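Heads up, the next two complexes both have chain A, just with different partners, chain B and then chain C.
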Partner chain A sequence: MTDITLQRTRPVVKKPIDWWRWAGRFFLTFLLIFTVLPMAWMILTSVKSQFAAMQYPPQWWPAEPTLNNYFKLLDPTNRVGADFLRYFWNSFYVSLLTTILGVVVAVPAAYAFSRFRFPGRNFLFFGVLVRNMFPAVVFLMPLFLLMRWLGLVNTHGSLILTYLTFGLPLSIWLLKGFYDNIPIQLEQAARIDGATRFQAFLLIVMPLSTPGIIATSIFSFIGAWNEYVYAYTFLSRDDQMTLPVGIQRFFTEFATDWPGLMAATFMMSVPVVVLFLVLQKYFVRALTEGAVKH
Partner chain B sequence: MAEIVLQRVMKNYGPLYAVNDVSLTVNDGEFVALVGPSGCGKTTTLNLIAGLLPMSGGDIVIGDRVVNDLDPKDRDIAMVFQNYALYPNKTVFKNLAFPLQMRKLPKDQIDQKVRDAAKLLDITHLLERKPRELSGGQQQRVALGRALVRDPAVFLMDEPLSNLDAKLRVQMRSEIKRFHHNLNATIVYVTHDQLEAVTMADKMAVMNGGFLLQYDTPANVFANPINTFVASFIGSPAMSLIPLEGVTSGTDASLRSPEGWELPLSPMNARKAASSTTSKIVLGARHSTLKLHKTQVPGSVPGKVYTVEPTGDVTFAQVFINGAVVNISVEPSVVIHPDEQVFIEFDQERMHLFDAETTMALQAA
Partner chain C sequence: MSIATGQATRPLIGQVAKRPSILSRVIAHRTDYLYVLPAIIVMLVVIAFPIYYTIELSFFRTPPNLQMRDKIWTGIDNYRTVLSSSVFHEVTIQTIIWTAASTFFAFLLGLGAALSLHREFIGRGVMRALLLIPYVISAVAASYVWKWLYHSDFGVIGAISVQLGFTDEPINFLDNRQTVLASLIVVNIWKEFSFAMVMLMAGLQTVPDQLIRAAQVDGANAWNRFWHVTFPHLKGVSMVTVLLLMVANFNSFIIPFVMTGGGPADASHIWITHIYQLAFGRQQWGIASAYAVILFVVMMALGYFYVKALTRGDEARAG
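Let's turn to the complex of A and B:
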């Protein structure tokens, strides 16, 4: 009986066009073009000569592509290259230290918030999150005064400290979610099996939270790598500048060298893109962890 | 192997006592089940023995050492958890080897011991797998393996079977029992399933509300429950409890129902009833001690059939007597219908009388 009806109805079924689905696709395509186009233009410009870049109407495709701009930036013997490489190193140094210190602080903090009940636990945890309610710029002046009082103006330490205060809340919050999801029985088992509390944390819990640690590392690294306003305010000596400030300063000293600027910008985005591509699976896992019970 | 002694052990969270003045002794090589409903304090008690929670008061002795302030790792115990707590990022081999590595055994000894344990539990072919690639029963066996590989003084098990399906549970039940028999191990086993406790344990400790109510062999707990809670918790189906009025005249005594009938008590039961603090007495009886009659016989009371549940080799009937539901087992050949009037005969030798005020079992003075 059911077979017959199925056969009879199947050919009649005609899928109506799902307009919502097509609207979604159209919107996503638009969004894709919107984000990819500037980057494509950046790369295209970076392989043009200065003359070709200024032409009007623009050269959509470089007639004589050249990698000279990149060679110039990566050559430590000329002034441009030396400056760029120093900025790059400064940025890397600040971002890396921010990331490492961030993990060193966030991991035990998140673990404590997740596992221990201590007086003021909730207050502290929300205190950590309240920082995220304010835009970063609001803290610019107070932090500058604080740094001057500490004698840290014009040092990389001022930036590292600042980036930590901005990066840590999210790191702690994300990692806490990870630790909440690791059954406490695993640690109890380890402690009964002969581990101290710290060994149980180090040998059992830490390896299980690696995805979370990696994700929070990316967050803090990218945050520090891209930061502009604080670096611009706290640092004034040329030899300490980080990339975002350095690029801007450096290229406006002369007539704007658009291809050079674009080449430098592209190089600056390389570490971020690489980090993302390599570690994106951890990223997604960290953000969705705890959303559903496994 | 070792014995465990709990002396007036307390654990409180503020005014809430999770474990209240619990004292018991687990002899060397004994299998003791801590049993009770959810939140009765049995798992907390186990965690106190393991040292995973700090005690609020009392003493715990394992072997000849007071372990009150010792870390779990120094108590020479092993534990099997409800969710097995296998290290998910380690292979089965490494899971089993972990307790030995922590004790810094030489590598060849670790290898030997792990393989011996694996062989004993028939998991040798699984040694290179990760826990998530194993079935529930296999995970359970690995968890047991990790506990026994170190040859600890005491095994603690926290509802190890409750995550398994019904069939596997019955199978693992006999395997754990065999495990206890082979190793002659001291085991403290927490379960909310009274059937597991009754079938597996040498002794059972029935807990409720943080208190240890009764600690005895399953047979004794079954035969002589100390109060109405234990009576209704142990046994399946549960013991039926009927609240009645005790009436005495001289040395004779009987139980009277507001429904109008009266059940005379034997001299022994009459003396028990006399020791009650109030005239309100709860009559308890297990389904197998009751006889169902279609017509009134001496010593029987009237009831009304509520439901009939045939299970194949025995049929369970629920009968309303004096407003209480009474479970009775009858031969499957007996035909009864819901709402039928029946008469229930009590066995004076095997009936239980409880004080309705204190809920305690009445003893002959």
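Let's turn to the complex of A and C:
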């Protein structure tokens, strides 16, 4: 995203009124309202009491803002808080393990797809790509049976294994794009200096591809953190659930606790939004990698 | 396996008439496979096996207790059942509406946002980040937030439309066969338009500035500059973006499932949620598998274009 600044040297042309520019501003304002209002309402609701939220017409601004909903979620001594914190931990741990395993498996594969031309490369690579096309549900039924045979239903192992499937193709694809951009001459130079192929890969290519690995890790972490379908199907034990499934199970029992639900949704979104904001550059790069050739 | 050999085989294949046998090439590249082996093993277990098993199940009647040893061969009966059911036709139309409308509007909003954000101004980075947040957060969170916004009694959207005088009493968006699909499409657009925005913003950077200025000097107005200079440059990115959006929308599950569960009276079912309901709601795994195979075939057609669009220039690169 840095090249934008380099291009902006256009001379300022004095013109009466640029209607397109104004149209753009109005459009952006509209989009901003469209995007932000739902999120703002989520936060506003989460600081209301149950009574204040259930009013018609709604309290546009909370009359007595309270953080009780958050305290309740973060307090391990009551049942709500204990469950919420357990779901949070489960989500974190599953996502982290998926990310690490995924990167470990994807790095060599992506490197091979980028550098080698072995027979079957295209077939395998397209196989990897096409996997992206298929919805979870197609894989859900057979995987559910497979997990039953393996005795993995209701364990986090089943989730990590399946998250790898949808994480891997994307990770391989993203990383391959990054490796494509690393000049092959660097490795050749290292080889001439006596490094083995694997040393060249480990000591030259790996450090250079750190941004790519970071970008890929964010993607697979966010993907795993937000995953719902498999977790919903494979887990039925309460203490195993991840957040997206957990908060559902949890709040349909007291179907009307909207402020609590909004607080939980907010808490669930915080990690991914923070991760995204901090590493935005990598995220955007990962998103557009491959589709746009610079 | 040195880098040099890895690269040299490629051009040789085209030029030399006597092509080395597959086996000798596999042996020559044997160490290359070590790098992809872990990925292939994972893929085989969790991708190849499920695909095979789904196809197999689609020809059987399956017992509701899921003891698959007792399944009964029925030939293509499951396919006939799916294709002839009236719910399937209804759901197909809904799937097409859902996919087409979501893709079209998400792309349109994304294009507008990308063009408006292309110019440098203060707060541009903040704005892009804000617009991207819905894309980053989980669809489950988005579904709950919008479910609350659409709430029939205390929903803020209903309250606003009453205040502005559009309706006399809050509309029940999600419990109404007429409004439910459109309401869900709005949520979906909210969630994903910024993906199109980011893709197109990256694409816009490849449009040479000189061309725009040249057109400006030649007296082209803003619309003509866009249509004749900018847009042709965006064709490649646009194609990939539209395809990815289409695939994502066709495959989306969470928003309809969490918000309405396909209801009321199947009015917000799309293929995916319908398959899920058949398999895990009614335990009709054979029929659901046949349904999934049909979906699979449709996706293969889309997948062909997807791979083509994505791998543009892949072979041209020496890498």
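In this text, the second predicted complex is superposed on the first by the 255 of 294 C-alpha atoms of A that agree within 3 Å, B and C clash if a C-alpha of one lies under 4 Å from a C-alpha of the other, contacts with A are read in each partner's own complex, and residues count from 1 in each chain.
Keep this in mind: a residue touches a chain if its C-beta (ideal position, glycine included) is under 8 Å from a C-beta of that chain, and two chains touch if they have at least 3 such contacts.
Being a predicted model, the structure only gives us computed values, none of them experimental.
After superposition on chain A, the partners chain B and chain C are seen to fit next to each other with no clash.
Once the two complexes are overlaid on the shared chain, A:Phe123 sits clear of chain B and of chain C alike.
Of the two partner chains placed by superposition, only chain B is touched by A:Leu186; chain C is not.
Of the two partner chains placed by superposition, A:Trp61 touches none, neither chain B nor chain C. In the superposition on chain A, A:Ile204 makes contact with chain B only, while chain C stays out of contact range. By the document's definition of touching, of the two partners only chain C reaches A:Trp225; chain B does not.
Contacts of A:Gly194 after superposition on the shared chain: chain B is touched, whereas chain C is not.
Once chain A of one complex is fitted onto chain A of the other, the partner contacts of A:Ala136 are limited to chain C, with no touch recorded for chain B.
Comparing chain C and chain B on the residues of chain A they touch gives the larger count to C. Legend: residue contacts after superposition of the two complexes on their common chain; A:Gln248 is shown touching chain C, with no touch to chain B.
Once you line the two complexes up on chain A, you'll see the smallest CA to CA distance from chain B to chain C is 5 Å.
Overlaid on A, the two complexes show chain B and chain C touching the same residues of chain A, namely 188, 191.
By the touch criterion stated above, chain A contacts chain C in their complex at residues 3-5, 7-8, 10, 13, 18-21, 24-25, 27-28, 31-32, 34-36, 38-39, 41-42, 45, 53-58, 104-106, 108-109, 111-120, 124, 126-143, 145-146, 148, 161-162, 164-165, 168, 172-173, 179-180, 184, 187-188, 191, 197, 222, 225-226, 228-229, 233, 244, 247-248, 258, 261-262, 265, 268-269, 272-273, 276-277, 280, 283-284, 287-288, 290-294.
For chain B in complex with chain A, the residues that touch the partner chain are 47, 50, 52, 71-73, 75, 77-79, 81-83, 85, 87-89, 98-99, 102-103, 146, 150. Per the touch definition, chain C reaches chain A in the complex via residues 1-3, 6-7, 9-10, 22, 25-26, 29, 31-36, 38-40, 42-43, 45-47, 49-51, 53-54, 57, 66, 68, 109, 112-113, 115-117, 119-120, 127, 129-134, 136-142, 144-146, 148-149, 151, 153-154, 156, 159, 162-163, 170, 190, 193-195, 198-199, 202-203, 205-206, 209, 213, 216, 222-223, 236-237, 240-241, 244, 247, 250-251, 253-254, 258, 272, 275-276, 279-280, 285, 288-289, 292, 295-296, 299-300, 302-303, 306-307, 310-313, 317-319.
Residues of chain A that touch chain B in their complex: 183, 185-186, 188-196, 199, 204, 207-208.
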